[in-house]
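By written order: A, B, C and D. Residues from 1 in each chain.
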Amino acid sequence: MFRYIRKRLTNLIVVLFGVTVLSFLLSNISPVDPAEAYARRILKSPAPQKIEEIRLKMGLDLPLYQQYINWIGRCLRGDLGSSLLTKNPVNYDIAQKLPATMQLVAIALFWILISFIPIGIISAVRKNSLFDHLIKGVAILGISIPSFWLGFLFLFIFAVTFPVFKVIDYGNIKSLILPSLVLAIPTASSFVRLFRATVLSNLNKDYVVYAKARGISSNRIVWGHVLKNSLPPIVTLFFQHLGYMLAGSAVVESVFSLKGIGLHLLNAVTARDLPTINGCVLVIAIIFVLCSILADVINMVLNPRITDKEEGLYE
Amino acid sequence: MNKALLKNKQILIGLALILFVSTIAVFAPLIAPNDPNKIDALNKFLSAKGEYPLGTDQLGRCVFSRLIFGARYSLGIAVPTLLALGTMGLAFGTAAAYIGGRLERVFLIVCDIFMAFPPLIIVLSLVGALGQGLEIILAAVIFSMWVWYAKVIRTYAGIERAKDYILASKIAGCSGLRIVSRHIIPNILPQCIVIVSTGIAALILMVSSFSFLGLGFEAGTPEWGAMLNQARSSFYSHPRLVIYPGLCILLTSAGFNLFGEALRDVISPEEASE
Amino acid sequence: MIELKDLSKRYISKNKYGKKLRVDALKQLSLTLVSDTSYALVGESGSGKSTLARILACVERPTSGEIWFDGKNVAAMRSKALRLKRKEFQMVLQNAQSSLDPRLRIYDSIAEPIRCLTQTSRSDERKMILEIAEKVQLPEALLERFPHELSGGQQKRACIARAMSVSPKFIVFDESVTGLDVTLRKQILDLILQLNRDGRLSMFLFITHNIDVALYMADNIFVMKDGSVIEQLENAASYGDFRHDYSRMLIESLPPRSPLHR
Amino acid sequence: MTELLKVSKLCIGLKPQTFPIVKNVSFALREGTSLAVVGESGSGKTITCKSIMQLLNPKTFQVSGSIRYRKTELLTMDEKGIRALCGSKIAMIVQNPMTAFDPTVKIGAQIVETLMAHQRISKRDAYASGILALQKMNLPRCEQLMDSYPYTLSGGMLQRIIIALSLIHEPDIIIADEATTSLDVKNQNMVLDELEKMKRNGIALLLVTHDFGVAAKLADNVIVMREGKIIERGTVYDIFESPREAYTKELLKASILKRGNCID
């Protein structure tokens, strides 16, 4: 067990290193000369030697690996540079916008969690029933629907035709219900499909037959054993999707005019505000990696055998 | 299995939808009653009648014709991109699974690194760095998504590789290349068709959401997501301008999803065992 | 002639605490198999008999030791040379259905060794396959079918036909009748004996966990335990010929043949 | 001797076309006796024994006829009633012990769960009697066994745990479905010895097997099945010494390999 954790941690460090390198490369890929961009920002029309001066000062003449080391050093100190758009430090902006998006994602995850487990299990247990067919149809609809369009539909139905919610509303949980639903529905739909298939394959396993032969009630078999065995693949996905939703929030925030990290990033992209983009990318990737650790830990508790299996994968 | 495919209603519905949209995309100029880009300031927001089967938009352009031309953009981008992704995935995935050992481990770590970036994020940061443009978006999509396909295909190929018939082929004297090309790839092809089909649906949604966010297409392009974006401001007065393009996206991606998911049901062992 | 000299195979795996576990599947095993003779090998699961089969068929390499096959050390051969050497030794796996590619017609599966290992024209190839199919009593009509359209016995025959298609000098049967119904098992065993008598399959090693099957198939029997051959019999005819304690234990654990012997 | 289990005119079909798998099968199991159902794969023997405990999925299988345990009809019994009987009065030993337990739950918890499904008993007491049951099977370090996951144990060990579990409620009938097939010779012998002990203690055995050796060792009566039908029945001596049907003769001949009875 301990060895397994250590192995996962080493693996994690390698991945984190790769993530920072890739982030760094993504931020360096731009044909725009950062020294010139910076110079243009502080001076109206900078002279070429002034630009060179700035290049030296920013360390942009150094070899790429040196620049990476400097950059990672700054990142570790929490300095992600300052935004070209808002002029604020990037990490300040992110700290401002992230909580709203986190709240949105958390509510969306809540919807997903309370929907896919019961629906997936009931759908699998009553395979080919009316309920199952209905769920199948709805799930396919759910993964095929463009989320921005769903957002407009919701606005049209629940804010215009039947004004249950306000069109523009800030700062309370109620205002997040529609956006979080829009964010949750596609993911929940794909989870229902996957979970149903996993439950079905578990229902056909020998241990279910033997549990019945021992006289265990079917409710206990399904909601105890089968559920526990079907969760691991979806736990991994669940935390993976947490990361995607942070990114995918851009679309929803745009439809519902919410001020979150997604929209912030989008504005930065339109304005080509590189420091902000890179900051956001790094933060989201790191959150994503942290989530995958959490998924690992939960899976380890759910199924101790995974520690054995995974071993083969990386060994 | 071929009979099972033709009996499955869901597959037929999916195929019919795919064929329908493809036909429209191919014959768009013949079907569309009007020039999709002709601006007519006098005929803004017309409701449906005669010359304009679905009315006109905020610039007086024929909505119906624009929707028909939109099919070209959605399919024309998603299908080739996915074929490229599928080919890359097949090449890297089967190679990693067949060779195994240290190479496979390195491959898995590279996958983990790439997968730590949600595709949308890579696309956004590349667009931010390199500027707008369809080719940049497509390059970014391929750059961000190839690991997903490669990793899934590696898993399938790994399962296949462990089977007895691969060992038997080895004993029969097959070379590594022959085992991969004659045995592993044909046997994982159905699963690959599934992921390519559902992948096309996902990509259609993704590209349309980019253009909805104003990335990728020039203003005025009759792409469904872009049309939706342009109609936003008049959403409350003319909701149909938002509804129609969304419906088109939904139908197209549903076609690919229906086909892919039904195919998955047909080939997955859990469903077959009963 | 095949000579195994000091053959060892060690697997390194890890337990769940990450501690390295060394499993010696074969320990300094030496055997001599003479041409034109049939052999049987008995061992329980975990005795290393499957490892030996895989090493003999050269799908796995020994950790140390030599395999001399007609004067050449196969264990030290390069992959490519080894691949071509497969013309001379073949193997039939335990599970017939899973060892046939589900997307290949039976004909193509049987033809695979011919296509990979020899340069034979298509028409000669067809003649060879029809001949071999007749030998293993596989009707010609079945050759154009896919594996799942065949019965278990027919699949088994196809596997044997595939191994024999290049007329190898030596064939290993690894648990080739395990899991089959008794009537089918007898049919397949009799088929192999028949082929042996016809001279098509002059040298084979039949690996099994069942002493009865071993006695049925060959006079020369090896008993394996924990990676070593502990007993080696020539002209074995009945249970009484086994001397080693372990062999006796295996025999005594067998269920009675009739209720009268309870 | 009372009839414990009476199966009459049992027919099982595969839905939706009710393709017949088991046709008109009738047999009875008397107290303290043992009955072997012998047949090759596809003969319907396993399906027959699964239908006794209602382990077949009612959506895929159409079952008709009658299965009585003492005086009660099992086929029409509700789910709750049948589960109360299974594992207590009728117990089962399965073919593959390696996959019989939930891999994510410790052995102890699965034993406790079985005990608590059938009697009002506290968790602590159930745990204690679980250890006791394992000790009766002469298993080593029972406390440690209770605390281990199924995948850490060997097939022979797990099969012994399953046997211990089947005896825990003092059943009348034990159904052994190919209980020795997936084990090595030593453990096969162990299982056969345990079954023999049960028989001596007055438990009726229903042995489902393809192996005539198992029947020879344990059975009083034998049924031979082929393609869903019973083609021959009789005492074990009748079947072995003077089989009537050609198929039975062929089976016997094939299962006992003797050099010289090779055809041609």
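The rule we apply is simple: a contact is a pair of C-beta atoms (placed from the backbone, for glycine too) under 8 Å apart; a residue touches a chain by one contact, two chains touch by 3 or more.
It should be emphasised that the depicted structure is a prediction, and the values quoted were computed from it without experimental measurement.
Enquirer: Can you name the chain that lies farthest from subunit C, using the mean of each chain's Cα atoms as its centre?
Expert: A
Enquirer: For this structure, I'd like the pair of chains sharing the most C-beta contacts.
Expert: Contact tally peaks for the chain pair A-B.
Enquirer: Based only on mean CA positions, could you tell me how far subunit B sits from subunit C in angstrom?
Expert: Whole-Å distance between the two chain centres: 48.
Enquirer: Please report how many Å separate the Cα centroid of subunit B from that of subunit D, as a whole number.
Expert: 52
Enquirer: What is the distance in Å between the mean C-alpha positions of subunit A and subunit B?
Expert: Roughly 21 Å separates the two chain centres.
Enquirer: Can you list the subunit D residues in contact with two or more other chains?
Expert: Residues of subunit D touching two or more partner chains: there are none.
Enquirer: Quick one: which residues in subunit C touch 2 or more of the other chains?
Expert: Correct list: empty.
Enquirer: Two or more other chains in contact with one residue: find those residues in subunit A.
Expert: Expected reply: 127, 304, 308.
Enquirer: Can you list the subunit B residues touching subunit C in their complex?
Expert: Touching subunit C from subunit B are residues 163-165, 167-175, 178, 183, 186-187.
Enquirer: For the complex, which residues does subunit D have touching subunit A?
Expert: Per the touch definition, subunit D meets subunit A at residues 50, 53-55, 59, 79-80, 83-88, 91-92, 94, 96, 99-105, 113-114, 117-118, 149, 151, 162, 165.
Enquirer: In the complex formed with subunit B, which residues of subunit C make contact?
Expert: So the residues of subunit C touching subunit B come out as 57, 59, 83-84, 86-87, 90-91, 93-95, 98-104, 112-113, 116-117, 159, 162-163, 166.
Enquirer: Which stretch or stretches of subunit C touch subunit D in the complex?
Expert: 44-46, 181-186, 189-190, 193-194, 209, 212-213, 215-216, 237, 249-250, 253-262
Enquirer: Using the touch definition up top, name the residues of subunit D that touch subunit C in the complex.
Expert: 40-41, 184-186, 188-189, 192, 210-217, 219, 236-237, 240-241, 250-251, 253-259, 262-264
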